[in-house]
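Right, one structure below, let's go through it.
Letters A, B, C, D and E mark the chains as written, and numbering starts fresh at 1 in each.
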Amino acid sequence: MTLEVAIRHRLGGFALDATFVSPDSLTALFGRSGAGKTSLINVIAGLIRPDFGRIVIDGQVLVDTERGVDVPRHRRRIGYVFQEGRLFPHLSVRHNLGYGRWFTPVGERYASFDAVVDLLGIAGLLDRRPHLLSGGERQRVAIGRALLASPKLLLMDEPLASLDEGRKQEILPYIERLRDELKLPIVYVSHAHAEVTRLTATLVVLSDGKVAAVGSVGEVMGRLDLFPLTGRYEAGAVLEARVAGHDGAFGLTILDSAAGALRVPKVDLPLGTPVRVRIRARDVMLATKRPEGLSALNVLGGRIAELSRAEGPIVEARLDLNGQALLARITRKSVSDLGIGPGSPVFAVIKSIAFDHRSLGLQSASAEE
Amino acid sequence: MTLEVAIRHRLGGFALDATFVSPDSLTALFGRSGAGKTSLINVIAGLIRPDFGRIVIDGQVLVDTERGVDVPRHRRRIGYVFQEGRLFPHLSVRHNLGYGRWFTPVGERYASFDAVVDLLGIAGLLDRRPHLLSGGERQRVAIGRALLASPKLLLMDEPLASLDEGRKQEILPYIERLRDELKLPIVYVSHAHAEVTRLTATLVVLSDGKVAAVGSVGEVMGRLDLFPLTGRYEAGAVLEARVAGHDGAFGLTILDSAAGALRVPKVDLPLGTPVRVRIRARDVMLATKRPEGLSALNVLGGRIAELSRAEGPIVEARLDLNGQALLARITRKSVSDLGIGPGSPVFAVIKSIAFDHRSLGLQSASAEE
Amino acid sequence: AHAQSGDVVIFAAASLKTALDELNEVRRRESGAAARISYAASSALARQIEAGAPADLFISADLDWMDHVERRRLIRPGSRSNLLGNRLVLVGPARSTATVAIEPNFALAERLGSGRLAMALVDAVPAGKYGKAALEALGVWPSVASRLVQAENVRAALVLVARGEAPLGIVYRSDAAAEPQVRVVGTFPEGSHPPIVYPVAATSRARDDATSPWFAYLRSPAARAVFERQGFAVLQP
Amino acid sequence: MIDFTPDELSAIRLSLRVALAATIATLPIGLAVALLLARVEFWGKSLLTVLVHLPLVLPPVVTGYVLLLLFGRQGPIGAFLADHLGIVFAFRWTGAALACAVMGFPLMVRAIRLSIEMVDRRLETAAGTLGAHPLWVFATVTLPLILPGIVAGMILTFAKALGEFGATITFVSNIPGETQTLPVAIYTLTQIPGGDPAALRLTLVSVAISVVALLASELVARRILNRTVAL
Amino acid sequence: MIDFTPDELSAIRLSLRVALAATIATLPIGLAVALLLARVEFWGKSLLTVLVHLPLVLPPVVTGYVLLLLFGRQGPIGAFLADHLGIVFAFRWTGAALACAVMGFPLMVRAIRLSIEMVDRRLETAAGTLGAHPLWVFATVTLPLILPGIVAGMILTFAKALGEFGATITFVSNIPGETQTLPVAIYTLTQIPGGDPAALRLTLVSVAISVVALLASELVARRILNRTVAL
């Protein structure tokens, strides 16, 4: 499951020049408005033929300008959720949803109409024309239309942008399932840290048409130099862990990591399953001695590896917990009050509550790799 | 500064039946996809004439079906940021932006072209046609167009939905300034808790065309019964406080509240300015004794008023801190480990870092009320 | 169904419609062998014959177009003859009572006043050509040449007079006779213009047995009566 | 009920047949040419544009004459079609239909082209990504979206065919039952003294037919447009 | 360079003037009627639709005859206009322009109406919210968006006017220098044996004019459409 992109293309005054390899099934494109995310997706979809370069998905060459390969878009078997919907105005919602089905060989239809309609909560809209839908309804139908084409490649351009939290939490697991169970290559554009964090294996940060960074969410989001592009708010680190046990009484799951044991709200995975846990810097407190009588369940010992030099009230601390990196964001006053600096032994204090569904990037063992 | 809405309207199978009064300059509409937010805004804008009812803004009657009042939309002086952009395809960005200006009396033009263009970062796009813009660029131009009409009423339907964090953080303060300095009535639709929390004075929750709740963000978001509509993740409480001092050395501001002193990242407000501080339940830890050697700067003493009865691993605790309510979200295991229950004296531990720009609903004294 | 063999097709100038329709109807009743008659401008018909039209008989409104097809050997040699003659008249509105003596240098321009003289196209349509020749011969052409309205055909010229748009018009006697809203105020001397002749001929593709009954019929006394009632003169072959 | 003479009846029937045939026959070609002009850049595009508009620019008599020269029995195309395909236009109702089709062609092409140019092409690319071959995209997206233009083009061509006589009479003459359509019959009636009442009768018939056609087309158009009304 | 006779030159000049006048005069009325038909529901709408299409449905001779009856010196409208406003159509080039305008009217209205119906009305409401009075909305949003339709309507009317002769000659006859437009001159020539070469000359002139007009309109249309190309 790899996506290889190496293209150059000019659009008026804008130059797209992107080269990266994403080894994972899901690749998230991140970047500020106008960075070139949609343009890049359009190239993958075959809407733009790049001036130069190649795109290979899982060994299948979609475009190779040198060898003159250019698979026509209707043969790429993509499900493209456009940034602006693009529902067919002359078709009912039902027929919009069913459009891609016509062109999918019966044996390759993995998406079930009823299941998708149910998932998206659009059963009541099937006989309406798109122009009578609300913004979010339209977006859901657009997602459904792309899914029901049973694509071999899913391109999603801010698919959840105008949906409420509830809807997002219903749809995200489905996308995860496509990724994990069907190993569907997915390219996902989003501005929402929470979504990217949750979904992504590989994050590609675009800036002004160029690739500013490629890597796992943890790596990229944790890079202090990328804050202008990724945003400081959601910075954090990723811990590799394994399911070590379940605490049925309190509904908790215990994870084992190099840094120590973590208690998180229960996840339904068999013992031994590897998981990635993203811990936001803002959710980590530091203590100079092991705190007592505190509701935070997770206390991990280690030392400070690095403190960011900051002018403002806030400082990022990179911790070394038994070789595992963790980011903590604290005030400069706390650094001074606690008298800590690089090398100081500290305890990282993390509430279990911080590990909600948003930060647990769960992956079944088979998807892991 | 009040917005009075009392309307009934049918749209096909959908019935909008909304009655509420918002005493604040900014009213946020919140609700799941298809709840009727856009429809309601359309009624306010004069795009839909309601079957029955009235809409009054600041004493000015826009619609009153009983008295036959229906101010034509071009005389309502609104700036409507549509959910779907609606830029004029035949005009350059510059002329799109300038469109509303033509119709604004010179003396009433408060929005400066250069300032708005700068704010939105669209200076490089002025001579392009809308169809050559990226999704986010289009959205920014749409915001600019609405602002540059120097409206007397701003309607924003998910205006920041497809913008990156950076852009949002640039634009939100401007909207706040319009609200505070010009006392511009604003109706703001958003699915993002962060935005709503930050901006709003009055939150109106719509559900299936009806008003499910009206009140301050703190009240409404804290209501456990509204979790299905508002989402549990962002639940929290609002503290009324006053700027008590500034700690220049560490870049902190000290706020005084009934519950005690709070240290938050510096805010540029004069001493004595009343502010609202929203504290998310998930950012509050509980301790049975005052913690020491911990990076969290804010420790407030009080007692547990109520614990939610929950099946899952998570429990919400309502605290009474000197009469001031605060919500804390902790694991059931912590409740058991700490041996606390209703009436137990506890310390609420809050990182200063938790009070970022998102949770400080700052309001200058004059806007307060 | 297209023209079957045995079914005679006549191409005739449009102005003959009333008379020929009547004759055809009589013939259909009597012998059951009605012709199919296509009425159009002589020019169009001549060109169509040139292009192989399934016409058996051609009755042209002037000699020029008959000459045109004859030169191209499209009519059966010896079948051509002059069938009908007509007269040129000056018409005015029905309510006018005056008559005009049409003679050399007669005061046509004065009679028009500020109005115009309605004629068929003087260069293209036979009635117009004859009219122009007559006016030239009578010496009044220069005084009215700039005062003409040239209609597409005689009927249209007649309508202009009938509607009062033009005070006077030059048309065929056969047309004037059937229009109650106009009155003949004068008749042009026969010598003032080339003889008005409607020639008839069989096309070279026509079969003799199909056309000869029609030649005979067109020359029959019954036909003569019909033609004369319409204001035509029947010419001797 | 008005009593029609057999000739009138045959003219009415013929005119309907000719107008329908002209409209239906023009549609696919008009559609193709409109697509070509709206979507494809090619050498000689201006020439094609001019060619398409010629029947409008030329006096109908000239158009009819050109048709006669080309599609007559002796004409190059007419002879070829007659010899090889057995299709004869000369002095047949098919010729009348051809004349009407040619005269209506610019109207058909323009209307369709106009609506093709207003189609949101992003919908077509969307259909493409969903696996639809360009031909399918055309059939399932473009075609439905340009229906208003197609309806307009058809009604214009039909109306034109109901009124066309200059090219018709010049090309295929005025043979009752074969090429004498309503307008040709009307024209002939205006050529004879006393023909006006009969001409008026037929004119009213013509108008009545067009009323029916127009109302039907309006109904269709309304149904199509219903789907795009928005605030 | 071809040498034209004075008569030919005057026919060319006249035809240009008539076609331009017809096109320009039809535009505002055509626009208004198209708007009415596309946007307003009113009693008698079907009647208006039929009326608009009549010049297409009726043989041109009939249209010309009706014009003569109405706008002739003796006609009710013609007499009124002549007496009260001093506007005379009968036997004037203005009458030729009127005939061409009437004949081109259905084409103009259809083209504009088609594009009005395809306008995204949400853009108009957006302009309304920004303070634009409906008339301004029309001028600044609707009008620019329907420009392709207007251009198409104008070019169709212009082309039609270049070719129209049936209604023209019936209404205002054929007065050299006054009402003898190119098609009338061409028609006249086709009626004379041996007139073909001269007719061909004038036909080519007609075609040349239309080529220039078409190319110009294509340029304009291309500029307009450029702004809506998207992926």
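Structure notes:
In this section, contacts are C-beta pairs under 8 Å (C-beta built on N, C-alpha and C of every residue); 3 or more make two chains touch, one makes a residue touch a chain.
Quick caveat: nothing in here was measured; it's all calculated off a predicted structure.
When chain centres are set by their Cα atoms, the one at the greatest distance from chain E is A.
More C-beta pairs touch across the A-B interface than across any other pair of chains.
With rounding to the nearest 5, the Cα superposition of chain D on chain E corresponds to a rotation angle of 180 degrees.
Distance from the chain B centre to the chain D centre is 61 Å, each centre being the mean of its Cα atoms. Measuring from the averaged C-alpha position of chain C to that of chain D gives a distance of 34 Å. Centre-to-centre separation between chain A and chain D, using Cα means, comes to 57 Å. Shared interface positions of chain E, defined as residues touching 2 or more other chains, are 61, 65, 122, 125, 166, 187, 190, 229-231.
For chain A, the set of residues that touch two or more other chains comprises 47, 84. In chain C, the residues that touch at least two other chains are 156.
Interface of chain A with chain B (complex): residues 11-12, 31-34, 37-39, 83-84, 128, 132, 134-137, 139-140, 157-158, 161-167, 191, 193, 228, 231, 233-234, 247, 249-252, 263, 265-266, 282, 285-289, 291-297, 311-314, 328-338, 349, 351-354, 356, 358.
Listed in rising order, the residues of chain D touching chain C in the complex are 61, 64-65, 68-69, 72-75, 90-92, 169-170, 173-180, 188-195. Within the complex, the chain E residues that touch chain D are 46, 49-50, 53-62, 65, 106-107, 110-111, 113-115, 117-118, 120-122, 125, 148-149, 152, 155-156, 159-160, 162-166, 183, 186-187, 190, 199, 203, 206-207, 209-211, 214-215, 218, 221, 225, 229-231. Contacts from chain C toward chain E in the complex involve residues 41, 43, 46, 64-65, 67-68, 116, 118, 121, 123-125, 148-152, 156, 159-160, 163-165. Residues of chain C that touch chain D in their complex: 1-3, 9, 11, 14-15, 17-18, 36-40, 44-45, 47-48, 51-55, 153, 155-156, 158, 174-175, 177-179.
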